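As written, the chain order gives the labels A, B, C and D, with residue 1 at the start of each chain.
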Amino acid sequence: MKTIAKLACALGFGAAALSPAFAETDTKVALVPGGPHPYFAAWEQAGADAMKDFNLGAGDYRVPQKWELAQQSQLLESLLTQGYNSFLIFPGDAVGTNSVVSEIVENGGQAIATAGCLKDPTPALFCMGTDTGNSAYLGTKELIKAMGGKGRIAHFTGFLVDPNTQLRIDAVQKAADETNGAVTVVQVIADIDAPQPAEEKINAYLAANAANVDGIVTTAWVPAVTAANSLRKIGDKRIKMVGIDHDEVVLAAIKDGFVNGTMLQNPYGQGYLGSYVLDKLRHGCTLKEDAPWKSNALTAKFVDSGTVFVDASTADTYVDAMRGITKDILATFEKDYMNCQ
Amino acid sequence: MALSFTRIFDNDWVGPGLVSLAAIIGISIFQPSFLSPFNIFVLLSAISVNMVIALGQLVIIAIGQMNLALGAFGGLVAICFVAIMELYGVPPILATVIGLAIGALAGGLTGFVIARTGISAFIITLAGLQIFKGINLGITEAQPFYGVPQSVKDFGNLSMLGPIPWLVLPMIIASLGMWYLFARLRIGRYILAIGGNRTAAELSGINVTATIIWAHAISGLLAAIAGMMLVARLQIGQPTIGDDWLISSFAAPVIGGAVLAGGHVSVAGTFFGVVIIAIITQALVLFAIDPFVVQIVLGGLILWAVGINRLRELRVAKFNARTA
Amino acid sequence: MTALHVAHVSKSFPGVKALDDVSMTLKPGSVHALLGENGAGKSTLIKIMTGIHKADLGEITMDGKTVRFANPRQAAAGGLGVVHQERNLVTRFSVAENIMLDRLGNHSLSSVNYNAIAQEATRWLKQLDLDIDPMTPVSRLSVAQMQLVEIGKALSLQSRVLLLDEPTASLTPNEAQVLFRILRRLRDDGVAIGFVSHKLEEVFDICDTVTVLRDGRNACDSAALKDLNRQDVVQMMIGRAERISKRAPRGKTTSAPFFELKNYSSAAGHKGISLAVRPGEILGLYGLVGAGRSELAKAVLGLSPQTGGEIVVAGKPVTIASVAEALEHGIGYVSEDRKAEGLILLHSVLANAGITVWRKLATKFGFLSDTTIASRVGPVLKKLEVKTPSLDQTIGNLSGGNQQKVSVAKWIAAGVKLLIIDEPSVGIDIKTKAYLHDLIHELAESGTAVLLITSDLTEMVDVADRVAVMDGYMIRGVVENDRNYERVSTAIMGFIHGRKAA
Amino acid sequence: MTDTLHATDNFMPEQRRGSAVMRLALSNELGLAVLIAIAFGAFAITLPGFTSPFSLFTIGRQIGIDTMIGLAMMAVIVTGGLDLSVGAIGVCAAMVFGFLAQKMGIPLPLAAPGAILFGAVLGFINGYTVVRSGVHSFIITLASMSIFFGVMIFLTQAQSFNELPASVQALGKLRVGGMVSVLLLITLAVCAALSIFYRYTVLGRQMLAAGANPRAAELSGIRTGRVIISCHMLTGALAAFAGLMLTARTGAAVPSMAGHLGQDWLLPAFLAPVLGGTLLSGGRVSVVGTLLGATFVTIMTSGLLLMRVGEFWILACLGLMLLLAVLADRFRQQVLRARGMI
């Protein structure tokens, strides 16, 4: 993948031209994140596995080159033109992406909002992902438990333009509020999804306030990595921390005891399950209106792809934990959510 | 005497220096932990990297151009640096040398195109930004490299002496080097001469093409240093390194009194520009200022610095007019 | 013994033969004038000598050896130094560094030894009688000092041939005399000096031999100047005898002044300025460089704030805050710096000539068309005999004379009642210059008030009705012009030096 | 190289100049148009689906929006300056539109002009600061980009307006003749209006004059300061217009639609006018060129995506294209100059 040969190949793009011919009736799934991010790396494998397991026409992971709403929209439009008919989309914007999804639907395609939801009313079939608010809430609960039920929490999170950020801020606050004042959120640092500002701000904060904080909860990938690194750097095991996702840095810090645990999400399962459902829906199945949909701040049709708290004891086997959840959901999904002839 | 007083204030670094000092004193009164060893360590780490970035832009400002591709250079070098260590097991020292070479080469190439075609640097570096960032994304597919050797991580995170991080070392070398370059080295004087009056430089027999290539190669070299310093500090080869360099790379030199048209820059002024930005970034965090406000304050800061520079220029012009 | 010999050089550009079999010989210990009207080929010749252009035919020898420089750098290294018209100095750098700019070190990474270059520079400054600290930034020098520094720079390269392109264009007569003294000394030291100028007085003052170019050919090749008189030279330059218009003094107008300054002061530094221009009158404004003449024009146009006194236009006191307001009062200004301030070189003749009348010609909603503008501007351009293939031609492609005509035409088109003309004949050939003088008279005859700013005393005596003498941002006196050069110039200098003595 | 003063004086032939037809044939615009035709033809033949109505519709819509963004930047490049805050202004105006239309319930025919006016006001702030401070617009707009965007995020708390009247989104999806986006038609109309503006109005001409040589323009009686401020206001208004078009496309006013600080717009903003032959030093514009520039970029991007080059290489390809395009243009000018045609 990561070779210079790719460069030569791409620059001589004449050679790389022309999409493979698809049989007309096949389900051609495209898995499209909002932009490049390590979180979605598992989608590539998920798509490939689903293609093999469910005999799909395609299960391609296609990434917009940048986190730009316009780039994603353009890519989706192009994929539609290329003949893809089923989409797993991480919405570049909970509201803004609706319009391109409605275009997909109008042109005979179907889409599931994946890993992040679209705001109702939405033309997407449903939303499957981590319940961000819930995950943040559960993570904070774990943190509070680790802190012994009292203390001061700092919350590090992502871009302010991402509406999920506000949900996370609220969820962390909610978990703290439930302790009736034993736990307080003393600081929220946002807009630190890029490594350099994250590094500067988190370090600056810890430098000045390490003594005034008992716990850290992070609800975005980069802050989690950075905070884990910082705690390791100060060598502070007094401050408890719960991170998010499965970055190597975070997992290593868990094993070494600098981080208490991380809220694992299930990107692989999202991609695999989503592909499965899309294929089913193209072959005679319909979604049940009365299925046990969950609802969240954005949508009333939400399926939780699962979230797991991983601590030192389970850090080595987290992949199995995720596979387990995926299997469980897959086993009952058709019965619970779909009517199939 | 009024004259010498004016002279002192004509030094570009005095204003930003005083502001930095005042800010440090002010903040440490309200927040004593500001001067704690660890915080100094953190501040110095941030200042070190940002100073090298700012120097990379400074050398291009000196010649009267701008380099939009600075961050793209840095990002590309950063991931190449980690990639060759991870994939081919290249030892860190050799990888550093290769990284520096890539930076200088990318910069030199950009400079070559600018000098030979005479097309504005803005356009060429805009194209360069896309090309180099594109290569970066093409190689990494936006996934970070994790294989940073422990020695590199240590360099970015351990202290050299008390609260002074190792990262300060490349910054000091780069700063002194650039200061010496602009004050004493032929190439530095030529860069400033071309920035000050290109025709004159040309007619005096300065090889403008070569000098422009030099300037961009130096810029690329500094971007490479900054990119690798960030790898050491972040302990990870992130493809996004360099994405957000642009604003601060201009803000610091401008706060430090550099003339955007070229021909006049101040390394010391730039340093204090970097310090001011670092302190303000920290202060906003320390005083838990609404994160939504941060952007506004940064923008305001640039305007403020520009205003001060402008006033000073006018005053100096008036002074010159009176004595002429 | 020749220092530099140009032998039968020809050079063509697409569609034009710029030089046709041109020869010239510069001897050591002599000052050689290179004359010719604009477009005659002087610049091309200099560019070929310094390697910017390559000659199609012919060759150049220095000290008997054929040279073929690839660029000005090589030329300089080969002993051929050029001092250009524009100030080619890095103003933030010191005098020493400017002089030694190409010798700061052997390679890119060598350190600059400031003591050494200061010492070396001092040597050349001494030769030029310039008593300044070599470490002074050039930005603190006067224009004349900068000129000398440039000469020092050329000399420091051991130039055996020194070409000076209009070196006196921005010097006062006194400063020019200082320069000539130094040139004579260099000549006596054996340097061959080439001297390009439009000012014939200077040429006869300092030069020994002369080469005149006309239409890319030699009108004369290295003739001794002592055998020629002014008439001869002019005839060679323009191909016919100079029409020396000894204009009779014009009748005095007695009508009420159109434009008056009463005890006017400006933020630019003018103090207590009082003057008046009547319709149909040509008031000259004379002064040395730095006297504040152009500055006065610009201050009156609103570019510097007024700090005291009154501006009276057509009998009514007014305030003028911008050129646009001045235009509304019927005042126009032809800048001395045609390329930087007078014209928009990138744009067409039509756009440049019509810029002053756009607002007037526009419909209620601000619309206007080329046709409307052309119908207003076209006749004026035709009357001024502006030579252009079409109105859409980019003005940068016209000759200097035609450009100057357009920059006057735009104000005529706007129908201004007071036209301030600043140094109208800088960089203009003799034919156009005479034409412009006629034009100024015609304008005055038709009732326009004219304020003429010029450093060329001959021009002043030839054209103005009265001359206000300015020095140190104040009016020192007014001289009635009776076309008697001696009397008028004595009177003017009296006003200027009277103040100096006081 | 040396004294340029004389270069034009002496032997610049006054009678030599290609005929109007010749000049058109050698113009930047025609070169671009030919490139576009070639690219379009090649893609149409080799890429199935490229010419499908939906594909043409999305390409047209993208051209419409990118052209508008490019025009916004072009309006300020005229002055020899630039405006890094176009994206921030566009988003701010879109959010104001959302606020007016959704929160205040103001009818669209009033809300849209209101938002455009707001864009012009932000442009005025830029222009006024640039003119009064005398500082290069790069720095001023670098700061104002931060400030505008920061204030917008602060006031909206990053929340979208997504309950706009349905007609907003309908506009974004409206097709004329099954394949032409109405947004493209709107942009074409704006292009026509701007072409007329620069050629047939006093203000338009004054902008060009003030941009080419502010000093000469000022001394010719143009109030350069005001004219430059109006250039920035025009930029603001056009950026706002682009913001509204994007709002129509997404069906909602979204704070993130131009990325962090509105930076996502910078590339299309510069790419289109620069490819189209607008001089960065000011004083000359090409509205048609900007349209063609945006068209070229959109068609190439679209073609590359369909070719499945790999999304990550598209950026590098675009950069390379920009480089080749400016080099080709430089080469063309050199040829022209060698033949004495310009």
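By definition in this document, contacts are C-beta pairs under 8 Å (C-beta built on N, C-alpha and C of every residue); 3 or more make two chains touch, one makes a residue touch a chain.
From a predicted model like this one, the values you see are computed outputs, not experimental measurements.
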item	value
Of all other chains, the one whose Cα centre sits farthest from subunit B	C
Whole-Å gap separating subunit C and subunit D, where each centre is the average of the chain's CA atoms	42
Where subunit B and subunit D are represented by their mean Cα positions, the distance between them in whole Å	30
Distance from subunit D to subunit A - Cα centre to Cα centre, in angstrom	35
Distance between chain centroids, defined by C-alpha means - subunit A, subunit C (Å)	72
Interface hub residues of subunit B, defined as touching at least two other chains	134-135, 137-138, 141-142, 199, 202-203, 292, 294
Contacts with 2+ other chains: residues of subunit A	6-7, 10, 36, 63, 65, 160
Residues of subunit C engaged with two or more neighbouring chains	72, 82, 84, 86
Every chain pair meeting the contact rule	A-B, A-D, B-C, B-D, C-D
Parts of subunit C lying in touch with subunit B, wherever the complex brings them together	72-73, 76-77, 82, 84, 86-93, 97-98, 101-102, 104-105, 107-112, 139-140, 142, 153
List of subunit A residues in touch with subunit D within their complex	6-7, 10-11, 13, 16-19, 36, 62-70, 73-75, 77-78, 80-83, 92-99, 102-103, 106-107, 119, 159-163, 165-166
Subunit D residues touching subunit A - in the complex, by the definition given at the top	46-50, 52, 54-55, 58, 62, 65, 153, 157-160, 162, 169, 172-173, 246, 249-252, 254-257, 259-260, 264, 301-302, 304-317, 320
Subunit C-facing residues of subunit D, complex	1-3, 5-17, 200-203, 205-206, 208-209, 212-213, 215-223, 279, 283-284, 338-340, 342
Subunit B - residues contacting subunit A, complex	31, 33-34, 36, 38-39, 41-43, 45-46, 49, 83, 87, 134-135, 137-144, 146, 157, 230, 233-236, 238-241, 243-244, 278, 281-282, 285-286, 288, 291-292, 294
